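One chain, subunit A, appears in both complexes that follow, with subunit B as partner in the first and subunit C in the second.
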Partner chain A sequence: MWIVFTNARKRKARLVMTVAGIAIGVATLFALLASSAGIQRGLEREIGGLGAHILLLPVGCPYTLTLALMQGADTLDYIPQDRLTDVRAAHNVRLAVPVVVGRVRVDDEMTPIYGTTDEILQLKRWGIAHLDGAVVGSDVASRLGLTAGSRITLSFYAQHEVDVIRILPRTGGRDDTFVFVPLEVAQNVLALTDELSAVLVQTENVERVAQTRQTLGRLANLQAVPPSEVFDMLVGLFGSMASTLMLITGVAIVVGVLTTMNTMTMAVYERKAEIGLLRAVGATRGDVFRLFVVESLWVSLVAGVLGVGVGYVVTQLLPRTTGFGLAAAPHFSPSYIGICLLVAAGVGTVAAVYPALMAARMEPIKALRAL
Partner chain B sequence: MELRRWTRAIRSVAAVLAAVVIGYLGRGGQADEFLLPDAEGRWSVPSVLVVGRVPANQGTVEIRGAGVLSFDPAGVRTLRPDLFAEGHFSVFDVLVVLAELGHLDLEYAWDEASATHGIVSLNGLSGWWYDARYEGGQFERTVVRMDHYPVKDGMSIRVYLEQPDRLAAIRRSFREEVERRNANGGRVILPEVTLHGPRWTLVAYDVIVEPTGTRSDVLRPEVVTVLDVLLALGRDGVLSSLKLVWHDRLDDADHVDSFMVHALQGGGYETSATKGCMFAHQAGSRGLEGFIVPHSHESSHVHLSADLHALVSPEYVRWTWLCP
Partner chain C sequence: MKIECRNVSKAYGRGQGRFWALRDATLTVAKGTHLAIVGPSGSGKSTLLHLLGCLDVPTEGEVLLDGVSRASLSDRQVSLVRRARMGFVFQQYYLNEAMTALQNVLLPLELGRVADRRKKAIAALSWVGLESKLGSLPGEMSGGEQQRVAIARAVAHEPELVFADEPTGNLDSENGNKALEVLQALHDERGTGLVLVTHDDRVAARAMQTLRVRDGRLT
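This part shows the complex of A and B:
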């Protein structure tokens, strides 16, 4: 071990470059793992947070419409409100929550609003009995300086004043960015009389969701979509992007292996005399082999630790979004540190095998000629 | 004997009818397809051979917050006689006529910097934009100037308050187009034209586009259209052949009355229409990218056909091979 550290101290520049080569690959891997997990969790939270077994959407692209619903963007296509009676009458429908979304001026700042009825309180735990005022997400509240009891003005097609009855605790999701108001207030401000952006449906029997979806899908001017389908599609879209990123990470790791291998091979040539001396004083081929492998392993592990640190910092600097306009904080797990250190150790071991074999096979006499 | 004479007479009449039908269909077939360049090596379509239907039926416009209003095409006169041929008009012209009839409270103005008419206020509100679709199509987030979008029978138009940031980006892109055209001495020079084939991509830079008057039945002959971009690529030698097919209708969509690109050849690549696939275009500005859904389309899309899409001077035109 002493020989390893002595050599590292002697050749600082080379050590730094080797460590940097491996650390970049490991940092990329760590950032990718943390971001991917964060995005997947973000999508899960947002889509799961809708609280519906079935989403009823206007006719159009279901994925675009679901994203619009989650982002609070006006869908521009709507479900006639009178369909709600048919939906509620359908077999296995426990709850049908009408929703209207859009962006309006809230105290002169464009903000997404979410108009709905008291039925939403069966899906969200807001600690109120009736939605008879505005329930404000934490981000909006801090941006506009609102507290419970404030009065806000919503304006777009029409103007409406409403009292803030509750400020929601921070969730880290889209709810933080919404102002939830009674359905008729949102319909008035968005000029959507008797029209809905979506209906959130909960079923009595979850196992019969497929049949209920079929029944609801037959109603005119709407489509029935399970949120899980949208989730799978969005995760699939992200998955294809993540595969490309993983490929780039793989290339970075292979480059790390080659850089380390090159450095170790150079080290073998430079340290012929040292190898000769070691063999002359009784070191076996196995001792020499282990020396180079252990040296490479240490360098790689140091690079691995550094890479995890850099990866953590990089992840903090990346945009906190799923890429679909939805919030997603990176997710860190101790297992990612383990994976990254294992990869670094693997890089070190693989990269050391050839130079270590070369060193071990070196004839002591030839090696001593280098003195 | 009598029976034989009758049989012969019926056969003669049938033969004459068949000849007339075949002749008619044959004439139609020749008029429907154009392979460019023509026998004389010209990259242009004789405009007299195609005529789109003039809007004649009552149409409707949905004004968000005000309801659905009807208009009679016979009563509409265009504010853009520099763009439209006799009898044709734009979405914006419809709003103007509805205002003249007292159905809307519309204040509008010509903006020289954007080369278009804009709504200053409608029913006391500002920030309006529109979506349009032809019969059988779907609404798209268009960024075509409202006074450029030709009205056809069976068309749906909806006018709504647009998000301020997207509207600002649309206006900015219009101003940039005018600045680009002025910087080029009034000529339409496209910084980038991209053709995305099924498995190939061709890119041309700084393409000078001249009007060909292909659709002088709807637009003035001096108006440059997106179709002219392909014809310019042909003249420049980027394309070696181009097949245009006239469609009265397309699947469910009626009153299409436009040319569609069914095949093209150039840069060593060749692609022909199969199973409903064909080339569709987009023209726009990169400044319009990145808006949240459902406003994700950064430019115009498929429904406004290339031969009726008048250009000012966009940043790019893209043609993409689309399959159903």
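This part shows the complex of A and C:
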């Protein structure tokens, strides 16, 4: 084994470049795995966090509307508030929570607000009996320096003063970025009288969600969407982005293979005399083959470890939100390290086969004469 | 161990450019042999040494290892014979520059997974008078010392036959003599067969047997 290490030490600069070549591919792979997993988990948490079996949205693209809802962006279209009566009257509907979202100035800083009723407290555990003031997400609270008991001013089309009744503990999700206020306050500030951005519906019997969705979908001026459907679609969207990135990563890895192959081939030519000597002192063709493969394997494993490290750092530096404003902290799993090291080892082995065969096929005396 | 060459010839190149480096050579070397192959450069003496040492294959004729035709043995079998029973010393030493003297000597022992290899390597280096240079790199040693490391590498596994191709070719006479004495002692003390290729008459004079090669033919 030490034979391998002594050889690798001889050409330091080239060793470094080969290691870098493989490490870049591995780092890309690792970053990609961690961030796609992060995005998937982020979506799962956000959409799961809506707490609704069925989402009632204004007419329009349900995905855009869902994302707008999660970001607190203006949905542009609205559900007339009087629909709520019909919704509540529908069979199998246990709970219908009206929601209005939009961006307003909170103490002169643009912040998403979320107007809703006490019914929201059956979906979210905030530890309060009534939503009779502002419940503030942890990010907003720390940015604006708010504590329970502070008084904030919401202003946009109208102005409204509200007492902060609760600061929410950090969730890592979108709730951290919202200020939750009573429905009428939000409607007033956003000038959305008798209009809703969405309604969150919980059913009595979850098994009958499909029928209930159909019933609700027949109501005018709204559409009924199960969050799982939105989730699947968004995951699919990110999935296709991830495949494109995976392709690029694949190219990086192929380049890594070729670089390593090139280095190893050059090494074989340069070390002809050494190979000749090895053969003269009784190394079989198999010994010579193994020597080169093991050397390449070690180099690529070192590169793999380095690549995982670089990938980790890069992932930490990437923005924590996607283009849709979704929180997506990268997710690290030990299996990703395993995958990355396996890929690195594969690169090393594949790249070494041809040069190692070339080395093994050399006639001892021709190799010795090379000097 | 006995190696016989029967009417071996070796040609390089093809067609018009074909050149016979060695023609119709017949000889036998064995444990206990002390043979010097002499001749001007390009006479074919190194080719003969390579054929004896199974580093090369003859174009015509037959090489027998203990009576068995080399052509009937696999490359692996021949490698294993070289590993266990032969040693080689070259004019250019062929030491690995990145390895210490000890590591260089260990190399063939490591390949053969020889028992007590470290002890044997140290013993071989002591025997050539380099016990104080175990950790030195070739670059830190004189030519004479490097050649003695190469000799230690060739004899550490106690081979039955040692082949030396111009072992003194790159050395001044003092260092050359030292290297030769070590090789001579190998033959005298252990009965190791010694085949030397040289164009140095003083080297040839020490040998029990001398074989002259001229234009590819033994004379």
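Following the convention adopted for this analysis, the second predicted complex is superposed on the first by the 370 of 371 C-alpha atoms of A that agree within 3 Å, B and C clash if a C-alpha of one lies under 4 Å from a C-alpha of the other, contacts with A are read in each partner's own complex, and residues count from 1 in each chain.
By our rule, contacts are C-beta pairs under 8 Å (C-beta built on N, C-alpha and C of every residue); 3 or more make two chains touch, one makes a residue touch a chain.
Small disclaimer: the values here were computed from a predicted structure and weren't measured.
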Combined model on subunit A: subunit C and subunit B, fit or clash: fit
Partner chain(s) touched by A:E363 [first = subunit B, second = subunit C, both, neither]: second
Touching partner for A:Y157 - first (subunit B), second (subunit C), both, neither: first
Touching partner for A:A89 - first (subunit B), second (subunit C), both, neither: neither
Partner chain(s) touched by A:T284 [first = subunit B, second = subunit C, both, neither]: second
Touched partner set for A:L76, first subunit B, second subunit C, both or neither: first
Subunit B versus subunit C as contact partner of A:A273, first or second or both or neither: second
Subunit B or subunit C, by number of subunit A residues touched: C
A:A191 touches, of subunit B and subunit C: first, second, both or neither? first
Which superposed partner A:L317 touches (first subunit B, second subunit C, both, neither): neither
Minimum Cα separation, subunit C to subunit B, after superposition on A (Å): 58
Subunit A partner contacts - residues on subunit B that touch it in the complex: 64-65, 125, 131, 138-139, 158, 160-161, 163-165, 292-296
Residues on subunit A engaged by subunit C in the complex (per definition of touch): 2-3, 6-7, 9-10, 273-274, 276-287, 363-365, 368, 371
Subunit B contact footprint on subunit A (complex, rising order): 60, 64-65, 67-68, 71, 73-77, 103, 110, 156-158, 191, 324-325
Subunit C residues within the subunit A interface of the complex: 50, 53, 55-56, 75-76, 79-84, 86-88, 90, 92, 94, 96-99, 103, 107-108, 110-112, 153-154
